[in-house]
Amino acid sequence: MVVATGVKVIEKAKKQKLSHNSKTSKVSAWETVKISRHPQRPILQDYIQKVFTNFVELHGDRAFGDDTAIIGGFAQIGNQKVMLIGHNKGKNTTEHIERNFGMAKPEGYRKALRLMKLAQRFNLPIVTIIDTPGAFPGLEAEERGQAESIARNITEMANIEVPIISLVIGEGGSGGALGIGVGDRILMLSNAIYSVISPEGCASILWRDAKYAPDAAEALKITAQALLENNIIDEIIKEPAGGAHTDYEQMASEVNKVLLRNLKSLSNYSVAELLDMRFEKYSAMGKFAE
Amino acid sequence: MSWYTKAIEEKKPHRKTLWVHCKKCKSHIWGEEWEKNLNVCPNCNYHDTITSWQRIELLFDKGSFHELFENISPVDSLNFTDLKGSYKDKIQANKKKSGISESVITGHGKIKGFNVATAIMDFRFLGGSLGSGTGEKILQAANFAYDYGLPYIVFSASGGARMQEGVLSLMQMAKTCAGVARLNKKNIPFISVLLNPTTGGVTASYAMMGDLNISEPGAVIGFAGRRVIEQTIGEKLPDDFQTAEYLLEHGFIDSIVQRKDMRDYLANVLSYYNR
Amino acid sequence: MVVATGVKVIEKAKKQKLSHNSKTSKVSAWETVKISRHPQRPILQDYIQKVFTNFVELHGDRAFGDDTAIIGGFAQIGNQKVMLIGHNKGKNTTEHIERNFGMAKPEGYRKALRLMKLAQRFNLPIVTIIDTPGAFPGLEAEERGQAESIARNITEMANIEVPIISLVIGEGGSGGALGIGVGDRILMLSNAIYSVISPEGCASILWRDAKYAPDAAEALKITAQALLENNIIDEIIKEPAGGAHTDYEQMASEVNKVLLRNLKSLSNYSVAELLDMRFEKYSAMGKFAE
Amino acid sequence: MSWYTKAIEEKKPHRKTLWVHCKKCKSHIWGEEWEKNLNVCPNCNYHDTITSWQRIELLFDKGSFHELFENISPVDSLNFTDLKGSYKDKIQANKKKSGISESVITGHGKIKGFNVATAIMDFRFLGGSLGSGTGEKILQAANFAYDYGLPYIVFSASGGARMQEGVLSLMQMAKTCAGVARLNKKNIPFISVLLNPTTGGVTASYAMMGDLNISEPGAVIGFAGRRVIEQTIGEKLPDDFQTAEYLLEHGFIDSIVQRKDMRDYLANVLSYYNR
């Protein structure tokens, strides 16, 4: 059912290709949103299987629990060993519920930070995979410090002494994405989105009605292309025509190639250079008048 | 225009209101009394919003505050337009309304003789939202603290990230926290004062990262909005949810300080910094 | 009621002075246990008032809660500024319950560690005050990592880069005491105890009956004098005749004097020297054959 | 006597038992099958205790293990005597019974080619309790790891602190953790394998401080005793309370590994250490 709807969206998107945004012949922002949320879109689990080998999953935040919305562990890509950390939405209704649709709680972010520090101890570069509608907006999450856990990750990631690559594979939902998304390279799949607020949320605040989500999506500049132009991300990984879900193998092979290239280029820097570059990178973010 | 003149100028519009209506207990308080009581209700201790300049006047030694980075102001880099108009127009309107050019004032000054770098958010300017200009100023002030080895105090009052700047706004969370991270590494104290309200992306970045997190009574501090959470869990939330008192109980706030005591409290804490 | 019993114990203790342990004219281990638990014995609150000035209490572990069984904050002793952290039992039934009889939960130990790291940032020596029957043995405490939180404190205290002085003022109850008790100087009041297990617990295991607690207390060598002889502690602070509760002012003045002297002597070392000495101190603990 | 001979010698008494009675599912298993299955019940997967030397044989490359600090053994420094006799006599009896002289074997060896320093606790010796000798050996092995830059793996199986040594035993928690703290500072991995049972002061010190905490299925791991907690809260505890599975769910264990897979698992993890 969900799948069918998703497929329909894609068909519609293909048809509208030329009509809506003709001068660049790209799909509209809202259509990109739909592709990024496509029920058959490959998720972290798929990349673990197709891009990485020898995955050793590690569990727990050492304080409260093990949040299954975030997965992490040792993994290998080619000959390169890394710490892999990412949101996992799950592939079907059972898994969606089990994984809380990839919406992490404080213990998820704290597990992620623990594993990043473990990566530092083992001297392994970190790859984070972002795919979440956002951090979980629940009572207990709030009580246990949803804000604190994201804030701490963002802060400590600035000081982590190994390379960090973040890749947005689907939805980059606001603080919930950024909580594992501070790095030396920010990559996005070509139909992924990254936004400060969901288009629906933005529309219901600024347009006073969620049905204006397509307008909000457009205004928020959440597509990979727009983010590249605004110097938020470093590189776009091209998806197969029709979207990542149409060809898992090709998608995986692209991701593999681009990750390896970026890992290699980051391996040339000393820790001090790396941290300076990371600081400069984030210092330069944003546009203002002076 | 000196900081002191600015603070005095600002007060004028308030003086026009003869009676103030307390948002919490609904009592009517004589305007002059309200102001003399630092915009705190003498009846129920409700701590109402004050402007950045009022706070500076309240906290810093007379004449000691020097503004920095005051020329930074927002630009509408995404050409963002919603139903109510363009972000560009909003910026102009907010500048005019508030007399300041971003949602934060940054600078350095003395609190009972202790030199600090500081950033004071102003809720009047686009709801204290975290835009690129805000982030730049908060980072620059952190860098000033870093360069001169000064404790850094940030006073937050914000509705969160500034939607009209899209992901540029989101990234200000990382940008400001990168500044905090450098202070951490150099063992320079970072004190966060979370004022009413501090929510969303500001709470989930620098505001929650204080070596000390301090608040005022009753301040609302949270990540997700109350309504969103109620929709998610399908229940009504407790009344004190996301208040400073609630956060203290849950381990996120070191202490809640009355507005009138804040200057002494901060000076006392600063006296413990021993480097 | 409770008070009366306590006072009776002391009276009894005084009478038995010569009978029970005549060759050293000291009270027995079990009588010391009773004095250490005396309901009118000064607790942390009293020392905060009488030994320290300008106390700024700081709250919270930044992750779950604020455990009132452990108090911490900035404080001044003489002209010396410190970070003060300690168990607080409370002074009456209401307070006992509120403070959980000084039995801390994981969030208490985590608050303590947070404040120790804050002390490091502010470059303040740390004074910890120990007075607990033990860490709280509850279901939720166990779930949230009672063991982890104590283990982490013990481990990280070895690396804290400011001087640490621990003072046992009443009961030093096993891991619950040690969780804030690793330091450069371990001091004890002369009627305080420090034990690996409560005498009652030990008796019920090894004597199969808690009523043998006095024998267990003797066997466990839990008095300040025995611990000094076994090189576990560094110094005993003499209590007023009859126990600390008989003269708060004199007790406070002794504590003040000894803490200041130790703080002063520790201020002479570099961070590297301090950590080396601390490592050597703990490396030397224990007796074995080789 | 070489380590290998020791391991072989040790097995003999087991061979005497023709049938083993599984403590969990109560089935009777043919002794040889039980042993071949590494003291794991082929019926219900119950992981029964094995001796340190059996574990060494199971995990380390043949002939690669070298024992260190083997002469360290307990002394009765407090002249501790309870109803059942003196600690001195207990030490002798335990030495004789187990053929080892403390509750832990320490040394270095190779796991599928990866060099490590290691400590393997033995529950047969005074319930694997943490005495001064135990602490000394665990610290010395940590120091060996520190000096040679080797990953350190500790296998815990312990009832906790050794009461008969009083506070000397309690201080072994701090002593061993001081060793772990030095490894942390030098970024040398510390891997803790928590075996059935790991409780009390051992759980509340080094055993819980692994960069990775690993366990075997069903292992009991806890701080306070089950009975003490039930008395405190006045309720019966859930059946799986303080099992490895329970701890995994609550965030304290990275993974639960079958005994037969432990060697491969550890080697795999060690392959990720990149210094």
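Quick notes on this one:
Which chain is which? They are A, B, C and D, in the order written, and residues in each are numbered from 1.
We adopt the following convention: contacts are C-beta pairs under 8 Å (C-beta built on N, C-alpha and C of every residue); 3 or more make two chains touch, one makes a residue touch a chain.
Bear in mind that the values here come from a model prediction, so they are computed numbers and not experimental data.
The mean-CA centres of chain A and chain C are about 48 angstrom from one another, to the nearest whole unit. Mean C-alpha position of chain B lies 41 Å from that of chain C. Between chain A and chain B the centroid-to-centroid distance comes to 30 Å (mean Cα coordinates, whole Å). The residues of chain D that reach two or more other chains are 184, 250-252, listed in rising order.
Among the residues of chain C, those in touch with two or more other chains are 62-64, 144-145, 148, 152.
Taken pairwise by the contact criterion, the protein chains fit none of the simple patterns, being neither a path, a ring, a star nor fully connected. Contacts between chains, counted with the stated touch criterion, involve the pairs A-B, A-C, A-D, B-C, C-D.
On the side of chain B, the complex with chain A involves touching residues 71-75, 77-78, 80-84, 102, 131-133, 135-136, 139, 161, 163, 165-175, 177-178, 180-182, 184-185, 200-201, 203-209, 222-225, 228-229, 232-233, 235, 237, 241-242, 250-252.
Every residue of chain A that touches chain C in the complex is listed here, in rising order: 62-64, 106, 110, 144-145, 148-149. Across the complex, chain D is touched by residues 135-139, 141-148, 150-152, 154-159, 174-175, 178-179, 181-182, 194-197, 202, 205-208, 212, 215-216, 219-222, 227, 230, 232, 278-279, 282-283, 285-290 of chain C.
For chain D in complex with chain A, the touching residues are 184, 187, 189, 211-213, 248-255, 265, 268-269, 271-275. In the complex of the two chains, the chain A residues touching chain D come out as 54, 56-66, 74, 81, 107, 111, 118, 120-124.
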